[in-house]
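Presented below are the structures under discussion, each in the form of structure tokens.
In the two assemblies presented below, subunit A is common to both, partnered first by subunit B and then by subunit C.
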Partner chain A sequence: MNAARDLPKVVAGLAIVALALLPTAGLPAFYDSFVYLVFFWVSLSTSWALLSGFAGYFSLGHAAFFGVGMYTTATLTTKAGVPFLLTIPAAAALSALLGVGVGAVVFRLRRLRGELFALLTLAVTFVIGTIILNTPIDGGGGVFMSAVPLPHLMPTPTGTIYILGFAICVLTLVTAWWVAHSRLGMGLFAIHDDEDVAEAKGVPTFRYKLLAFALSAGIAGAVGGIHAMYVGFLTVAGTFELTVPLYVVLMSVLGGSRHWLGPAVGATAITTLLYAFISGGEAMIGRAIVGLILIVAILWLPDGVIPAIQHWAKKRRPQPAKAQAEVVPVVPATVRPIGERHILEVRAVTKRFGGLQALAGVDLDVREGEIFGLVGPNGSGKTTLINVISGHYPLSSGTVAVDGVSIGSLAAHEIARRGVARTYQIPRPFANMSVLDNVALAATFGGPVRAQREIRDEARHWIGFTGLGSKEEALPAELNLHERKFLELARALAAKPKLLLLDEVLSGLNPAEIDNAIRLVRAIRGQGATIVFVEHLMRAVVELSDRIAVLNEGKLFALGAPRDVMRDPRVVSIYLGKAYAA
Partner chain B sequence: MMDRTSAWPRRRVLAGMVGATAVLGAPAIVRAAPSGTPVKVGGTLSLTGFLAQTAVIHKIASEIMVEEINGRNGFLGRPVEYVLLDDQSKPDVARSLYEKLITVDKVDLIQGPYATAPILAAMGVAQRYGKVIIQSSMGIPKLQTYDRAFPATPFGPEPDKTYPNVILDMMAAMPTPPKTIVVLTSKFPSAQFMAQGMRDQAEKRGVKVLLYLEYESGNRDFGAIAARVKETNPDFLWVGSLGLESNQVLESLRKLDYTPKNSFHLYPAPGPLALSPDGDKVLCSTFLEPDEPFMSRPGMKKLASEFKEKATKANLPYSTIDAQACGMISEWQILEIAVNAAGSLDDEKIAAWLKKNRVTTVYGSLRFDGPFNHGDAAQLVKQVQNKEWKVVWPTEFAAPGVKLIAS
Partner chain C sequence: MPSATLLGQALISGVLAGGMYGLLALGLSLSWGLLRLVNLSHFALAFLAAYLTYELGTTYHVAPWWSAAMVVPAMFLIGLAQHWLFDRFKVNELASLLITFSFAVILEVAIQLYWTADYRRFETPYSTLSIKAGPFYIPVLELTLCLVAGVLAWGTWQWLRKTYVGKALRASAEDADIAAAYGVDYRKLAYLISGMGAAYAGIAGTFIALIATLAPAQIWTWLGVVFAVVIIGRLGNPLGALAAGMLVGASESIAMAVLSPAWAPVVSFSMLIAILLWDPEWL
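Showing the complex of A and B:
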């Protein structure tokens, strides 16, 4: 059993040793050269995927980081006499620094996501190229490196380049594997699917993106440093060209850009295909055939080769007997006494969007163990208040404190780590993660630091608690609305929150599902959580809440016991009009 | 004007000329058809990618030359087989493919690729395996540092000094010699290299450089540059252009109602510039044109005819033989003569023979014993006259009745 489990590791180990020894096998140098180019593209496309595939920040600027690496090595070796090997870490460091510099500016601006980020990174490429072209770094004449001595790491110069390319390739794949299986990778995958939700679940999105950008750019820089020596003559036009980002995108997409091994598979396939048609007589036809193969592959495998294989393997695996998705909470609700301590204190909170005053000086206290209903007509500021408390929107003025600690100026992920969890009116699960991974992420980033096994056990507990036990491996798209609402709850609960903010968790459910949900919310309170509960469904609000606050036009309108508040003619009037209130 | 004579021993010159005449001019009837195992000559060209439009000219020229050589006596009596691979316009691919040609395909000889970056990538491989490499399109001779690399195009070892002086000689011979010059150039390595030379040599010869301006290769908007040219109003405009940049510069100047008094263009697309309404009387660099005296060189008429036929069949927009095609023809002529004269496929012997002898090609008599294996410079000036390119300088290379037309 252990032998079978260790087989892939043994095969990988043997492959690494065999590949490392290839230059000593006495094969024609072309094979060293060709395999080096495979390593080159594997490293470059995998490094691109660390940011663009994992975190979804689609970059067209990889040539900038690769080019900075190339020119760092070229400049240091030809103008400063620095030994070639020493220039590679310098190339990596400089490229990483550039990545961090760009990221530090770009990642602060929410609007610079998607195609704007792609265009901006492309612009960075042009700017860097222009600087290098118009300074003594290149100046337009190119940099010729024929006089730079190459260390004798292998019997031949091509062998030496090969072993360096191999080393960086192994390092890149190990890094990608580590990232994909680490807390960082989990956070990046969440950022890819929904960055705002990731932040609200406790993922330090800004820091993680910067880290991914630094890794991505740093590896590209190191690859560039080695490749400068392989090419031998650098020009700005040849270095900062569009084909580099286009190739890495194509390779990553073909193999599967969200999988650590996907870009490597794509890079190997495309490089090999390009070399399959190199004869002068078939050059044009060959390129057309390669293009056709890629089009067909991408049309048939839109998520890439590796995810397609995984999907196929998953379908072949015997499935456990599916239980009916009965979402009745199994944990009996036990009523705990409401404490005197204030878990949440909201003081004079205002929130403006330009000229619109969404919250106009709200004061609220929520007591420990309480279910606190927040109601009001549409546009009254309920969801805005939830967004302000959870850190999604910064405060315009006022203070918010949780458990006596002011959180008003904190980022959303820090607020999440202080025990505030929330759900969304329209469920926003991480679309490419299974139910288990969705919940495990919330437990990882929102809850206390624990081992992954413990976290996943905890996640399974909350999945079972919300009745989704048979759906652990399902993707959110396979769930119905009811189940997705409960997935929202499971995610929130997995963070072991002090304060749970539920935003219209009952909307869109049928009466039976609402009854289930009400039982579930009670059960959650039975676990010790304090709940702020935004809802339009008055039956549920009255049944569940210990106290109700009514918001109207961004102000606290009424506060008290549910039945008292709902009978207040002023409250009736803002819901139904003065005729009903009379 | 520069001195074109050299101190070469007459015997060597004669030996080369006799060899060339025997190879190129002798009737087919006296030659034996090549037989035996083919001699494999490997090379790459940028058949796809951004250099493909020009590389296809080299491919056609190579096909013509392989047919020609096999129609004579091949290499050492053996037929020649051309192993051509596509380097995709990428130097890294070029490097790997030359390694393939040498270490896997085991070619006997290699030919150089097209364009400076792939040539330098291939040159490194050739150097590691001691192969002779002959190339025709590297405009910066000082980069050709490998002992067995030979140029097929007569740039001379220092074209940044010699060629500007050819142009300055021509300027001095004009009825009203230009006293001021503006030098514009693309930041393309070989163009920039020549532009800097033009600026320096003009200053040395007392021509005042009013403006020296570099623009990024691939620039399309020349409005601001044209305004500065108009403002300085030089007697002579020198443009280190590539492709269609010259057309764009001249069009931008026309939009400002300005026509340069005299203008020179380094590496423009010849057809579009000759046919452009702005192209009349513009000057340009060349090594030969399909005109006299070049057409009287051995085999030239046949080569020009074959090229036209094949280029037309391949739907090339400009099917007249020119310096691009002749560069590759010259490569094959040098290799053919050197192999047969050295009597060996051994690269060391071929290189040694080339360093000691002259070779007559479509470019005239070339030698390889100077710095960077370059010999005499033979870059000429041509001019658009009635929508056709005519060599106008030095005057001995102008066709009968053709004269430089100055402003």
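Showing the complex of A and C:
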């Protein structure tokens, strides 16, 4: 029994019981009403953070989902006579549907930038508000809820609304906790840091964003359904207004929008503060002070209160000397023979960017277990070929097959799941994740489904394998270029790829680091992966490759054993000009 | 269906009202497009300028153009001060949005504490002047506003296109590091743009004082439409901002005449959504 670890659970349990029993305590209705408002803002800001904090898509449209929930309940109860409690799931479902609908359109936009997403969602709010205003749903006069019967869950009506608000608040926090600790949350955090890389590591980014949007909007809808009863009289101007999304953003950012509990902390603090000023008759001053707090918080605590506390606690606590993962000897036990089977087949692949023909019909076969070098002058299409195989760019025409299965039309994350991993020429680690989390993400989404514990062990193994054993808890910003390149390798390896695409892993390294990297690439092949690598450094190409292909102007120019190809006068001429080829 | 005269009048008033959208969008478009800072306090600054013009005009009987000569440079200085904060803390786009929102709230509170929440109207002899052109009436104040907006937009556009400073700014917006390597002092230019943006808010504020009825909460009324205008007109493009403003103004006005006034908000936002989904090359 670990008392220190169980303490938070005990406190949380006691708090839940105490808060649930508050309406029976016979306190003035004022208290129920105030604490309800805290629950309301905690739920709303936490639901906002599920998409906007975790995945980094800042929405200013939370009022739309909340408002749709309010009007769903209002319409169903007043016009169709549906019992109040039954309308709440309907409100949640309708809002979630709206979220998925908006997401399905917006997330397909080619150049969706953060601030465009924010404004699009804001625009959706105003459009929906105007439609509701001009149709019989509201009709311009507002909707009265006073005639709607309230179930007797608690002795008083305010107590009943209180307990519903409390239930949705607990449910929201549990959802947020669960998402943050699940595969979904891991994917969303990766999307926040670098969506392209997340997709390439096997995260189904589009589906995850839609899922997060549905959860976020659905909870907001349910909260709105309950709030309709609390407010009693709905108007479009009071519902679809700008202050709802802005307060939600403010609360989440203040508390820390990437942490599941952050928005709750921010919402509690700001609601209490505003209420204190309103009850003191100084509502305007309260608003100004909240504004001031937000400015100070963003300038000095840009990540929010909870991350700042975590950071401070981590610094204070002396790091226990951890047993480091064993560094695997970087020498393969046996060199596997190169098979006759083709692991990668590229047929007549073309890629066009507007008027530029980057790949003009490339055919290549890569055999299982070989190290295949891809060289050529700048602009010859090497990196484009890697990007096309990994699914980063769609093909213009042609086919690509891995292990006999055509992957040309698949999304990048599906290609990653089929055992294709890649590295980036300029390392692109997930900036807010530790080295361990970076590698664990690649293992989670690249490899087969297995327990997190097993994944962590594997990740530690690959971190040790690439010599980063002492940096597990470091953030990528704390690594030098050499270490970041090796982090790229560790992430690629953790996915247990059949085919590994390396894009200039050696560029920018010093000679000793290059020798180290060459040994590592050999060791990776020893693990059973086939490697295609793009490289400018000829010493490494000749030393490592079983075969090399030369690309020039988007076409395959030469193919064969390294020494033969590099002596080919035609190859020398495209690198150095005709005069040297003679 | 309303008559042709009514539609024509609606179109004229719409384009003229759109001039205000364009004028407000101008400063926003500059700071968003060239500095990557989203300034929500732009509207609050415009209203602060409007209230100052109102105060100078009603209490001290200062003519609007003399008020503008005082208020606009003051706004320029406020813009510089704001940018000092952004520069000092290396504020990014999203943080700038939240910080300037807070500024706007604080300014709103300050305005309400000084001028109260009551509606204020600055009565001038110009507010009822209008030119009659055939069957149509053209209000003089709105026409002046459009001319001023046109001159500002065209001048700024030429300045960005033709002068060294303008080119340096556009280069920095594309890639600040590379531009700096070619000797562009981006930081100084950024101060200039921030000051200009706020000064444009000041000019817009002078016209708001003359045309509109003032109340602190009005700060937020134009926010959505003007942001739509900024995006439709393409970030950092002054002429685009004005043209988009007039387009949106005209569309809203026609929608009000044909459907009902309550449908107006749908117009600008539907246009924004449509244009973002269409995603043309020039955006």
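Convention: the second predicted complex is superposed on the first by the 555 of 582 C-alpha atoms of A that agree within 3 Å, B and C clash if a C-alpha of one lies under 4 Å from a C-alpha of the other, contacts with A are read in each partner's own complex, and residues count from 1 in each chain.
Here is the rule we use: a contact is a pair of C-beta atoms (placed from the backbone, for glycine too) under 8 Å apart; a residue touches a chain by one contact, two chains touch by 3 or more.
From a predicted model like this one, the values you see are computed outputs, not experimental measurements.
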Using the superposition on subunit A, tell me whether subunit B and subunit C clash or fit. clash
Partner chain(s) touched by A:R287 [first = subunit B, second = subunit C, both, neither]: both
Now for A:T130: first (subunit B), second (subunit C), both, or neither, which partner does it touch? both
Touched partner set for A:L246, first subunit B, second subunit C, both or neither: second
One more residue to check, A:P337. First (subunit B), second (subunit C), both or neither? neither
Please work out whether A:P149 is in contact with subunit B alone, subunit C alone, both, or neither, and reply first, second, both or neither. neither
Of the two partner chains, subunit B (first) and subunit C (second), which one does A:G140 touch, if any: first, second, both, or neither? both
Using the touch definition from the top, say if A:F233 reaches subunit B (first), subunit C (second), both or neither. first
Answer with first, second, both or neither: which of subunit B and subunit C does A:I278 touch in the superposed model? first
Of the residues on subunit A, which ones does subunit B touch that subunit C also touches? 130, 133-134, 140, 284, 287
The subunit A residues in contact with subunit C across the complex are 58, 105, 109-111, 114-116, 118-120, 122-124, 126-127, 129-131, 133-134, 140, 242, 246, 249-250, 253, 284-285, 287-288, 290-292, 294-295, 298-299, 302
Residue ranges of subunit A touching subunit B (in the complex, touch as defined): 28-34, 36-37, 40, 130, 133-134, 139-142, 144, 146-147, 156-158, 227, 230-233, 235-238, 274, 277-281, 283-284, 286-287
State the interface residues of subunit B toward subunit A in the complex, per the touch definition above. 45, 47-48, 59, 84-86, 88, 90-93, 95-97, 99-100, 102-104, 116-117, 120-121, 123-124, 128, 140, 143, 145, 187-189, 192-193, 214, 216-218
Contact footprint of subunit A on subunit C as seen in their complex: 32, 38, 85, 89, 91, 93-95, 97-99, 101-103, 105-106, 108-110, 112-113, 220, 223-224, 227-228, 231, 260, 262-263, 265-266, 269-270, 272-273, 276-277, 279
